[in-house]
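Dropping the structures in below, format is structure tokens.
There are two complexes below, and they share chain A, which is joined by chain B in the first and by chain C in the second.
The block that comes next holds the complex of A and B.
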């Protein structure tokens, strides 16, 4: 039905046209879910945008054919193309929080879309909209249709987005990372809905995603892209289970499996191995020298954190919002504790309480036997501020863009009073860069000159230069591509074992935690559901919630994997 | 919702108290009121008696309390210069300034918002570049120069419009309006345009920037992807979202227009509060200056309150609770 041949998209720039994608061939049949995978910058979204005719300015289609049924999409006038949008092709965006107009009711948005493509009267359109919402699983649709987008939860909102995409009975829907912003439970519901729509309504889906697990679970066929070119295409099971192309193989190797623990990830292009250069050894020696002190564990005892809820009435103080409820947790010295949970479960609040950014309501925190004071009562010079360091999720906002890498790395050295000589500080910072697998020459550059993975290495280096004994990693790889994620996870593992760090590893990704953690705790709505040694927890989960999480995480069936 | 409004009201009361305090300080610290009121032939004993009679020897707090309660009862004192009650003088002048400000605001909105939308939707058009360039010139020239230029062109050279003053007013209740006669409009139009030009430019550029931002957002792209007609997308989806931040600035600006109409009023000899204020400064007429300060602050507070309520009206996220 949809046929793409030799598609090329170019973006004009001052230095001539930049080719975003080239030689892309693809075919999607009615009722087929066609996965389109690749890492960031592979041109997946550009393919989708080219098909629906919404390439971001000033990109243009430089060559090739796109036909939908009998219609040549490239030959259409802008007006005709706009009529086809919604009518025959529609789209689902990644983030349901931003893809609905916040100022209009769901009803208005559905009705205007239905009326844009048919002669339905207002009341007919409303009836259809209500039926549709019921069909995709929104209860009491007749009354809830009057609501505004902010009154729905993320998963419900994505259902509304899907309803908007299918309300005109399109033949093809381009779904650009439709579940990336959702929790696993909601993700599995949305994926089931997409599968049902493909089967029952014969809608063809182009499912753009970076998540191999999602592809494995729902896609009939898959196309793998890299740097604007198609690497491989075929039946999902065949492509993922027995990839022909070396890139696909490397990609599959980098995906952390959920069902088995592996020692190291194989990385597509192995970066220089940590600590091999002579200067890297300098940093390693310096860190080891500072860390003769014994390994420190962390004990949380009945920790509770409450936030004041927004006040809505003059006479009643609303009940506080409980972010963490009676949490007791022990990170054994020199081990990695994985902390998993869905969004809003309190994972990050826990990290903030430990680092003193949030004041708990009650409970105690101990680092290696010493009490950690609450929030602001912990002095600026308290030793724990040096012993506990943090690696944040987003390497784009966690490094000051106006500081050079040297400024960023040398700061902990003078701030904690380790090295008073400026030249020595610089030497150590350069050595540290090499230890985390970057060229020491990078020291005079600014963060924006590096990729996400390289920045996260800098963030790790900064944390280590404080000579910490306890490291908190809050979703350190969730903003990164799988191959980069594999590199960073390898790096963290190596550094943890070399320096005997105790680590609290926070993630929503169960597969990643299985690979990293010695112990794992499952957090839900501020309460610990289950905690135990990682292997036991994954092999024989005790809590229903853990079992549910494990079952809902999309993974490639074991049988697909090639032996060896 | 009710709580939100109550909170704003309480805040407003504190703002007004602070301004009243400033206005009151004027009396205390800018010269001695007794020496302003009396001549050289008044004896020191008489001056002391007057001081005692007027309660100027009472403690600061007592005097401030008296000042505020008098104000609340509509007693604004007497002008040193004209010996009239200040309340009457201000009430005389308020209609002229308010009408000028409102007409200027309407001009700036009627031209500024469509121009902003147009320049946002056709960012590369020739007309867009022309509009942007013209408004840049407009915003760079000081208000009084614009006023003088307008007087020169339309008043002196072409002779179409009167060059100064306020004519053709009609008395409606206590309100002296110039909106009901041709003559009144003829004298209103030049000062209103002069006053509105700066605000027009700002409104236009703000609408343009916000609109371009909104047009890049996901929900507009999603609207395009599902084939919502472009006109509806621009004017129903994008414009409403554009207006949320724009309203704040327009509101603040309107307060500013009322407060800083001084220049325009003096160029056109428009008998509004600004002109009254200028005359008062010349004669060190402290009671009028103090009351002017309080009245202007009151306008600011009022406009901000209205802006807050408009927010609630426009944005359902502030209005409707979660299900």
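The block that comes next holds the complex of A and C.
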């Protein structure tokens, strides 16, 4: 039905035209869910935007054909193209927070869209809107339709977005990362809905995502893209189960499996990691020398964190918001504790309580047998400020963009008083770069000159230069592509075992935690649901919630994984 | 086009913006003329012996009865218009830039601290800023001028006119800096590099000035340019109203005030030439400010 041939999109720039995508061929049949997968910068979204005719300015289609049924989409006048959008092609965006107008009721938005594409009267349109909402699984649609978007949860909102997309009976829906902003439970519901719509209404879906698990679960066929080119296309089982192209193979190797623990990720053309270079040894020796001290564990006992809720009355203090509720947790010395939970479960609050950015309301924290004071009373020179280091989620915001890599890396060296000689500091910082798998020459550059994965390596190097004994990794790979994620996870594993670090590894991704952690704790709404050795917890989960999480996480069939 | 020009975006944008180029040329020419006024101007308007009443009220050269020695004519005292304007612009710029510097140091310092510490300190600083905003700049200037007249002995009052004027202008401009610095600091406080620095236990002063300040310079630079124009205008207004500089050491505003007396008597140049000069200066600085804002805020492009 949708046929794309030799599609090329270019973006003019002052350096000449930049080719965003080229030679893209694709075919989507009615009722088919076609996965479009690739890492950031692969041009997935550009394909979707070109089909629906909403390329961001000043991009233009430089060649190729796009036909929907009998219609040549490239030959359409702007008015005709506008009519086709919504009428025959719809779009679902990533973030349901921003794709609905917050000032209009759900009813108004649906009715407006229905009436724009048909001659229905207002009351007919309302009836149709209610039916649609019922169909996509919103109960009491007749009354809830009067609500505003903010009165719906994230998953509900994404359902409304889908209702908006299907209210004109389109033939094709382009879904650009429709579940990326959602938690696993909601994600599985939205994916089930997409599958049902494809079956029942014979709508064709172009499902753009970076999550191979999602593709494996719902897509009938898949196209793998890289750097604007199609690498491989075909039946999902064929492409992902027995990939022909080396890139697809590498991509599959990098996906962390949920059902089994593997030692290391297979990473193509692996950079020298962990002191393989001559100067990397210097950094390694320096770290080992500082780590004669024993390994430190961390114990949290009945830790509770409350935040003041906004005041609504002058006379009554509102009940505080409980972010962490009576959390007790022990990270054994020299091991990795994985912490999983959905957004808002309090994972990051726990990290902030340990690092002192947030002060608990009650409970105690102990680092290696010594009391860890609350953030408010922890002095600037408290030893824990050196012993505990953190690798943050977003490598684009965790490095100061106005400082050079040298400034960033040398800061802990002089601040903690390790090295007083400036030249020695620089030498050590360069050596540490090599230890984390980067060229020592990078030291005079600025963070923006590096990719996300390289920046995360720099962030790891900064944490190590404080000679930490306890490392907190807060979603260290969730902003990274899957192949980069595999490299960073390998690096963290190597460093942890070499230097005997104790690690708190926070992630929403159960597969990643399974690969990394010795023990795992499951957090939900500020409470620990379950904690135990990782293998036991994944193989025989005790809490219902854990079982549910494990069941809902999209996985690839076992047979598709290459023997490692 | 040379490669480095292409690569450095602000430069590239600049050479492709005719308005910015014209504005920059005018602004630089005026600033150059003002800085080197003692060497360029043929008459020192502050030195009574360098001009003569006999040369008074001469029109510009293209009018009848002009003296080619005075290209743009003379005022009633016989002072060369060009010389007066150059010396006036010199004073205006000195006052404008000093006031701006004081306002920037005060405002950015307070704004950074308010954004960093938040809470009560932030509330107090911002309420003071609100009160300051509620007072028109002229009222602030009158207030300080009044206090200075009341407190200082008459003998030194002439000498501190420039300082009083500068302080008055600085006080009405610091709020802009404080608000912008505070808002940008709030944004930076959410960034993980700031949290990392706090976790390390670095001194607040270091976090504010070494980590945060370089990241919020962009918007502050824009305010600086736009507010330089405001400062010059404010000085002109105050001088025009007679609160500012006296007639024997004229700034641009004083020149315009003097010119007002001749508005209806045919000697138009005494009013119009300094006015047009002031407009050219302020407009060109504003255009440069808008250009900088566009450079630093690509979403507006």
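By definition in this document, the second predicted complex is superposed on the first by the 553 of 564 C-alpha atoms of A that agree within 3 Å, B and C clash if a C-alpha of one lies under 4 Å from a C-alpha of the other, contacts with A are read in each partner's own complex, and residues count from 1 in each chain.
Everything below uses one rule, namely that a residue touches a chain if its C-beta (ideal position, glycine included) is under 8 Å from a C-beta of that chain, and two chains touch if they have at least 3 such contacts.
Worth saying up front: this structure is predicted, and the values here are computed from it rather than measured.
S.K.: What is the contact status of A:385 with respect to chain B (first) and chain C (second): first, second, both, or neither?
M.R.: second
S.K.: Touching A:74 in the superposition: chain B (first), chain C (second), both, neither?
M.R.: Touch partners of A:74: none, neither chain B nor chain C.
S.K.: Based on the superposed arrangement, let me know which partner A:5 touches: chain B (first), chain C (second), both, or neither?
M.R.: After superposition on chain A, A:5 lies in contact with neither partner.
S.K.: Could you say whether A:165 touches chain B, chain C, both of them, or neither, answering first, second, both or neither?
M.R.: Touch status of A:165: first partner only.
S.K.: Quick one: classify A:394 as touching chain B (first), chain C (second), both or neither.
M.R.: After superposing on A, A:394 lies in contact with chain C but is clear of chain B.
S.K.: Looking at the overlay, what does A:357 touch: chain B (first), chain C (second), both, or neither?
M.R.: Second partner only.
S.K.: Between chain B (first) and chain C (second), which does A:128 come into contact with in this model arrangement: first, second, both, or neither?
M.R.: A:128: touches no partner chain.
S.K.: With the two structures laid over each other on chain A, which partner does A:561 touch: chain B (first), chain C (second), both, or neither?
M.R.: A:561 contacts neither chain B nor chain C.
S.K.: State whether chain B or chain C is in contact with more residues of chain A in the superposed arrangement.
M.R.: The partner making contact with more of chain A's residues is B.
S.K.: So in the superposed three-chain picture, is A:147 touching just chain B, just chain C, both, or none of them (first/second/both/neither)?
M.R.: first
S.K.: Quick one: which bits of chain C touch chain A in the complex? Just the residue numbers, please.
M.R.: Its residues touching chain A are 6, 12, 190-193, 195-196, 198-203, 211, 214-215.
S.K.: Using the touch rule from the top, collect the residues of chain A that touch chain B in their complex.
M.R.: Touching chain B: residues 52, 54, 82-87, 89-91, 93, 95, 98-105, 112-113, 116-117, 144, 147-148, 150-152, 161, 164-165, 167-168, 174, 311-314 of chain A.
S.K.: Which bits of chain B are touching chain A when the two form their complex?
M.R.: 1-3, 6, 217-219, 221-230, 232, 236-237, 240-241, 244, 314-317, 320-323
S.K.: Using the touch definition from the top, list the residues of chain A that touch chain C in their complex.
M.R.: Residues of chain A touching chain C: 14-15, 355-357, 379-382, 385, 388, 390, 392-394, 397-403, 411-412, 415, 462, 466.
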